[in-house]
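Scroll down for the structure; my scribbles are underneath it.
Naming follows writing order (A, B and C), and every chain is counted from residue 1.
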Amino acid sequence: MKHLEAIAAHALAIAATVFALYPLFWVFGLALSPTGLSSDARMWPLSSSPSLANARALVEGNPHFWTQLGNSLVISFATATVAIVLALPASYALARFSFLGAKAGLRTMLWTQMFPGVASAVPLYAILQTLGLLDSRLGLVLVYATTAIPFAVLQLKGAFETIPVELEEAAWVDGASRLRAFITVVLPAARPAIAVTFLFAFMSAWNEFILAATLLSRESAFTMPVVLQRLVGEHAARWGVFAAGALVVSIPVIALFYVAQKSLVAGLTAGGVKG
Amino acid sequence: MGSARVFPAWHTNVTHTCVTPCVRRVLGQSGPFPGEAFRPARPHAPMLHASSSPVAVASAPALQTPLSVRSSAAVGVERCAMQNVKKSFGTTAILKGIDFDVREGEFAVLVGPSGCGKSTTLRAIAGLESIDDGSVRIGGRDVTLLPPQERDIAMVFQSYALYPHLTVRGNLAFGLRMRKTPEREIAARVQEVSQMLGLDPYLERKPKALSGGQRQRVAMGRALTRRAQAYLYDEPLSNLDAALRSSVRLEIRKLHDRIGATSIYVTHDQVEAMTLADRLWVFNAGRVEQSGPPSEVYDHPRSLFVARFVGSPAMNLVTGRVRRIGNESRIEAEGLSVPAPSGLPEGQEVVVGLRPHDLHPCGASERALGTLHFDAFERLGGELLAHGWARASGANMVIRLEGDAMRKAVVGDAMEVAIDPERLHFFDAASGLRLESK
Amino acid sequence: MTASVWPGLSALFFLIFSAFSASAQGDELTLWHAYRDAEARALEHVVHGFAARTGHRVTVLAVPFDAYGSKLAAAIPNGNGPDLFIEAHERLGTYLRDNLVEPVPTGLDEGLDEGLDEGLDAPAHDGLRDAKNGGNTQGFDSSARRALLKDHALFGLPLAVKSLALFVDRAQVPGPIASLDDLPPPRQAGTYSLAYENESSYAFAIFVHGAGSSFLRDDGTFGFKGAEAVEALRSVQVLAASGRVPSEASAALVSQLFSEGRAAAMISGPWALGEALARPNVEVLPIPPLHRGGAALRPFLTVEALFFAKGKSGRGPVQDLARAIAFDDGAMLRSLEGHQVVPRRALDGRAELANIPALAAFRLAAKTAVPMPSTVTMRATWEPMGGALKAVLRGDLTPESAAAMAERRFLDVTRPLPLPTSPTPWTLALGALSLLGAAIFYRRSREQDWGAAFKRSLPAYAWVTHAALLLLLLVGVPLIVGAATSLYAGSRSEPRFVGAANYVSILTARGGELLGLGSFWRTLVVTLLWTAANVALHVTIGVSLGLALSRPLMRLKTFYRVLLVLPWAVPSYVSALAWKGMFHRQFGAINALLMHFGVEPISWFARFSTAFAANVATNVWLGFPFFMVVTIGAITGLPQEVLEAASIDGATRWQRFRYVTFPLLVPALLPSVLLGTVWTFNQFNVVCLVSGGEPDGSTDILVSEAYHWAFTRDAQVGYGAAYAVLIFLLLVLGTRALDAIGKKATS
């Protein structure tokens, strides 16, 4: 009985792993194949003669490649940082103070997540233009950060609620101001949730291409998703190069996921996903 | 002067077996405090202040020697006080006008059942809880409107609230760091406290790598590194197991006798309260029911509530009416008959309190109160708590037996019991207040 | 599909303007283009030469093609746009409507068609006209020039022409080619006579024009109707049935089949030149007739031209730059280095170009090509035409009914705007509402409790204000403005207040069948089905895995966990595109797998059921790791004692799960399920990138439908916004109901 169950569990896990990995191997094979998408159906696109031609085309065929990769990194890190820095105090206040408008604010924030971006993209463009932030990294960072804030706030609010109030009270009694106690005691205790929230905010910026394609004009200001998307745009279908690029953009996030693996479970459980 | 209620000195016999004085006697012998840093600016003020209660002093002569040495300096400087503090959550009144004062070096214990407002009072002193009315003073300063960090107090939390990301050393140093104490001084004080509490081996550990008792010590140590106006304890022992609790309790008292820091201690455990307190505040439903030295509270409970709450096992309470039999006034209560205090009108309903420790088998020269029929025993080794009843419909009574009486007792037996009339307590059944002989 | 969203997005951005930035002054020139690679380099070469010669400073900005139109529309009215910009001629109508362009200054229009009867100004007479101009080596090809004429005024200087032509592998087809019939039949399975994008409306245009039909008539009405339309559809149907052309061929597949020698010929454009010319034996020819002696198959002609931005044509340096780019020397350089097909007569017979005969061939093809109509409604033809084409190729519809459907859908999209309504009642209602709100606020603020509560709240506000302000500015305002646009119709230059007309139209399916294709209600049903299927699978798979991986004795737990979260880590657009590739009929991995087991390959996107399944498979792949992680977290949080107590009470493993674990898990998972529901409901990326709504928009969900209306169907922004508002209302009400049900069920 126990054996049967173990076998069933492993069978399930293995099946799911195959399901999860196959498309990734497919992209991997595509990236290494010298011809891109092969013209006949293959279960395994890995060519018998793997080549780095696609990777080379990705890097060498694009004079701005390193700048663009750098843009993506800088913008994503800045987005996550700004979102977290703004979300931390707000979510702390929502977790610890009861104040007029807290409930309404929270509800409104949830609602904004339900409004499709299609209708708000245009006015957003206008606002950025007014602020002179079109085609700038700062503008993009601000936009990404604000879209990341609601989820971050929910997540962190949940995390703060699991931290015992006594911890802060002890710090106050020990002579720390509210802000000081927040920084020296609450933040370190919320580290796993902050790490996970940071990861999500980072990912949202790292993966975004719709706004980036609209708000950025200079090729040297592009982020990687825009570059990739243009590889398989209307008149281009450089699938092999795209696949190589897909690997490039996936690897950092996979690495971050791996690093955050432990916190992921803890952070999500403590976090807003729970409430 | 919180304890302004003066009780008549009609008891002078000091043979009661309450643990408190015994422990004090032991503690009182402890040597002088080694760490200069902890010696308060003023020597320890005695909790048995001569000012209001000479009786109390007389009741504990063993204490006089060590404590009187310390009390030779100025006495009764107020350290922490509350005046008419009120607080309510919505329509529920939590504190209904608390008056309270703790003097320099005093160990004050706030005790009461859960929900009585004792913890709220402590938190209001700390500034963790705002108050609706009244004022709080610490070290002579009105701190009613000040946030906790400006009140200059230290606190030990029930959950310890150790900073999980800091080592024991970091936890101990935290308060000093917040106050921008020079690092050298921090190191010295942490060293001192960790030595005193035996934390040296654990200084570099994180709290989660400590046992419950060790964590408790760190929590204490964190408060003690500070030089605060007052040290607040919020049920600091309730997370420990029974054995550990009693040993830590002892240590706390010892520590207090050594360093004499002004302490305010909240607990729902009356044994803890009796053991530790210089002065007790018994809370009930948002009010201070009675305050005073533990022995005084024990010997003269001001109300039925205090009578029930203080003392273990709890006081036996029987209800009866005053009856005049000849020229003697007696109270017939649930199968027992006791002499009534003078001045009570006939027919008044009275609750009579008899401590199990005061009851004893009726001697030849004594007049029996009545006969107890035993139905259950609690054998504690050196003594026996016998449960029984005097009349089928009457209340369950407990009597403490020792020696021969203990060895001979059998469940199902009956025994005539007696009590020193001086040890009887009387309460007005209607108001629950103590009745005194007039 | 993104590609079709993009140009649309541009149109949306029209709605916006504010002029805060200063425009370029002095002899600073700005040129915008959307070229890439060789074309972009050639252009920069030309411009650098000009700058070096004249000392002017020229900023050349390569704007992404997708957002090009929107950027022009936003920038030019503000004065911070370019002086000159390069754009395809078919956008001219839009730019004229939006007042973004100016006629070419007279000094630059060589006007070589002078003296010609404008009445002859039709494609059929191009040859004649060119002959009349015979020997004239000045100016631009008439066909190209004519595409840029509006009311006898020339807008833009032609830079390059793009049209489809026939690439022939001379190694396989040595003989003359008088018709497509002359291409050799396939030698074996997997080889073809001719490769072309047989599902694209752009390539289909060849046959439409060959059959004497058109997309749009000269007067802007729909042209694809009647016997000619049926004839065009029938010809591609026959061609597809002959097995001589590959089916479902994308641009990538076409060029690949050709370059691997598996197609004897292909129909493609100048963008394929670079690759094709690298091989020997490739010749480019104008597309011959379908059958010997039949009518010529004429592709669409796109003329890329240099336009003068509004208010910029008067400056001398601007004209100089235009001349340098468009005229002879610049043209030569662009031809040579950028492989552009330049419709410039001076280039005829130039020796430098002799070894690139393909350029001449393309120019020849361009001369008989049909300039793409530049009217605003042109963009509304692609979707209906493509739909009809695919329906016929799949055999879903007869050519007759497909043609009828195309017209119906065109009319649906280009239906007249609702009548303008007076905004007064709405303004009044809004005013009354705000007054009421203010009154309530005022009364509450006078209540003592409220005042005290407010005072108590003040310290908290210090913590939330900055985030709240930023959210208000960058999320709140766009959202409110966006929602407000749902009360408008029309283009950005002439928005028209129509009140609730958009909503009425949506909810009544524009007068058509309530559950007809593309109606709100049908899309809603699909969306609900989509959400339910996804969430059910997400939760089932995620929770089962979570349970399996939480078994205390499970080996390799961490190993599985690390691998199983990978789909979450990969950017969703990357995964969606990869899945689209895997579902490809011809070289997709899924069909390869099916064939491996002896199952016939499936045309995944040809049928609703399979296309829907493909979307769901992709989205399940994307979403299950999240639920797995949440489940693991929830199980970790379960009180272990309760389970132990249950097993002591004699519960079997199943009973323990059924009566203890499961009921405890539900409340912990519920919020995530709600969140997942909202995400799935608005999962635009997957639907848009995988099936793209295929077949025929039947797999579109509400969000992708909103995008189509806002961006691809003649940019009916207000209509799209109304969809968005409806989605929002549905979600708010739906999640509240789900939440209530969930709470009831768990309590």
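Everything that follows uses one rule, which is that a residue touches a chain if its C-beta (ideal position, glycine included) is under 8 Å from a C-beta of that chain, and two chains touch if they have at least 3 such contacts.
All values derive from a computational prediction rather than experimental measurement.
With centres computed from CA atoms alone, A is the chain lying nearest the middle of all the protein shown. When each chain is reduced to the average of its Cα atoms, B sits farthest from chain C. With centres set at the average Cα position, the gap from chain A to chain C is 24 Å.
We define each chain's centre as the mean of its Cα atoms; on that basis chain A and chain B are separated by 58 Å. Each chain gets a centre from the mean of its Cα atoms; for chain B and chain C, those two points are 79 Å apart.
For chain A, the set of residues touching two or more other chains reads 178.
Within chain B, contacts with two or more other chains are made by no residue at all. Every residue of chain A that touches chain B in the complex is listed here, in rising order: 164, 166-167, 169-178, 180, 184-185, 188-189, 191.
In the complex of the two chains, the chain A residues touching chain C come out as 5-6, 8-10, 12-13, 16-17, 19-24, 26-27, 30, 35-45, 86-87, 89-90, 92-94, 97-102, 105, 109, 111-116, 118-127, 129-130, 132, 142-143, 145-147, 149-150, 153, 178, 203, 206-207, 209-210, 213-214, 216-219, 222, 225-226, 228-230, 232-235, 237-239, 242-243, 246, 249-250, 253-254, 256-258, 261, 264-266, 268-269, 273-275.
By the touch rule above, chain B contacts chain A in their complex via residues 126-128, 147-149, 151, 153-155, 157-159, 161, 163-166, 174-175, 178-179, 222, 226, 232.
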